[in-house]
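Below: the structure, in structure tokens.
Each chain gets a letter, A, B, C and D, in the order it is written, and its residues are counted from 1.
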Amino acid sequence: MKEHKPKNIFVQGPVVASFIGDSIHKHSSNTAIGGHSIFLGQVREDIIEGKKVIAIEYSTFEEMALEKMQTIRESIFEKYPLTCMHVYHSLGKVAAGEISLFVFASSAHRKACIAACEETVERIKAELPIWGKEIFDNETHQWKENK
Amino acid sequence: MKEHKPKNIFVQGPVVASFIGDSIHKHSSNTAIGGHSIFLGQVREDIIEGKKVIAIEYSTFEEMALEKMQTIRESIFEKYPLTCMHVYHSLGKVAAGEISLFVFASSAHRKACIAACEETVERIKAELPIWGKEIFDNETHQWKENK
Amino acid sequence: MQITILFFGQLTDITGMASIQLEDITDTDALALLLHQKFPALASSKYVMAVDKKVINSSTLLTNNCTVALLPPFSGG
Amino acid sequence: MQITILFFGQLTDITGMASIQLEDITDTDALALLLHQKFPALASSKYVMAVDKKVINSSTLLTNNCTVALLPPFSGG
């Protein structure tokens, strides 16, 4: 049994740069922080068999994804001395060049936030039930698979 | 002999969050990018022997620092398949809670930008002739030393 | 006994639907068999099953009002 | 023969100046000796020397118009 409802991580459409800037700005009031490590996933305009990816449309099994993310968050906080960590993932359509994942870890010293951010990104990609449908310029599509 | 003048990395005062947001936004036009890794160094309000750090004042041997940064940049680009990398470091006074270092690496796939960003941060701290003077709330100071 | 089956990602291209209600199925092996008959392309698709949001590794008994999700390989991020 | 000496970081707390011009010094060992006489607290300070922006590991001959920087431990970032 979870003690509280898992935190939401999903946003409709892309994560916009000004939101990231605002998010960074808010952390200036926490003067115990010495380092921030941020990862941003951006949709690539890949060419696959002559077709260009113009967007990725993300879907999820939301309840399961949020519970899983809560588990990941708890194990990351147990492992690293973090001040805070924020995760945002897009749902719906995100165009090439736009951002679909924003992971933001902060700590007093740099090693913890850098390691925590990287490990969280890897676990998000491997463990969260999220699917990306690559939309081509000829209106066909293909389902992405994480390496 | 360097072929061109090294790129400037220094900014007077703190790196502001809106500049970081703008910098991220500019990368949306490069649709070959799949991941960004960002490190931000923030001035901590440490308490040292009862005195509170209210700011760090940074100085440098600028010519040497820029040449060294150019060498680091070249070796990082040789080692990792990056799309681009940007580095900004403050000079002068940066108050507690403000940002003094901004390293921003981008690549097609996440592993390269994450590793490049971390290695660049470590090398900046170890190799660039930059000094931070911690200013206390009683107007005394102490020189910082990197671990 | 009522069971809700959820389909995700590329599996919805095969099923043409996001969910289906089925009755009186003993366990997940029996469910897989039934779904593969109903949607033959599922049999050659990669997926794991989650019963009430927990991924299972071996056949699991189904209970009334449980939810079984068919999860193809993840591709978030 | 003119040599420019630059002081950085905590060393400027000792010297009270950022640079000094000196003449006719053969090598960096002779320069260190002279500076330690002039600013005794330098002798017990941690620093490395850079001649024309290159950090040196052993005594190095000085040439006309060269610049020698005294660099205490770095603390950027």
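Please note the rule applied: a residue touches a chain if its C-beta (ideal position, glycine included) is under 8 Å from a C-beta of that chain, and two chains touch if they have at least 3 such contacts.
Keep in mind it's a predicted model, so treat the numbers as computed, not measured.
The set of chains in contact with chain A as well as chain C is empty. In terms of the distance between Cα centroids, chain A is separated most widely from D.
Annotation: 73 Å between the Cα-based centres of chain C and chain D. Taking the mean of the C-alpha atoms as each chain's centre, chain A and chain B sit 23 Å apart. Inter-chain spacing, taken between the CA centroids of chain B and chain C, is 49 Å. If you average the CA atoms of chain B and of chain D, the two centres end up 26 Å from each other. Residue positions of chain C touching 2 or more other chains, listed in rising order: 77.
Counting only residues that touch two or more partner chains, chain A has 41, 110, 121. Contact between chains, using the touch rule, shows up for A-B, A-C, B-D. Only residues 6, 8-10, 13, 50, 53, 69, 71-77 of chain D touch chain B when the two sit together in their complex. Residues of chain A that touch chain C in their complex: 41, 58-61, 63-64, 67, 89, 100-101, 121, 124-133, 143-146. Listing the residues of chain B that touch chain A in their complex gives 17-18, 20-22, 24-25, 27-45, 96-99, 106, 108, 110, 114, 118, 121.
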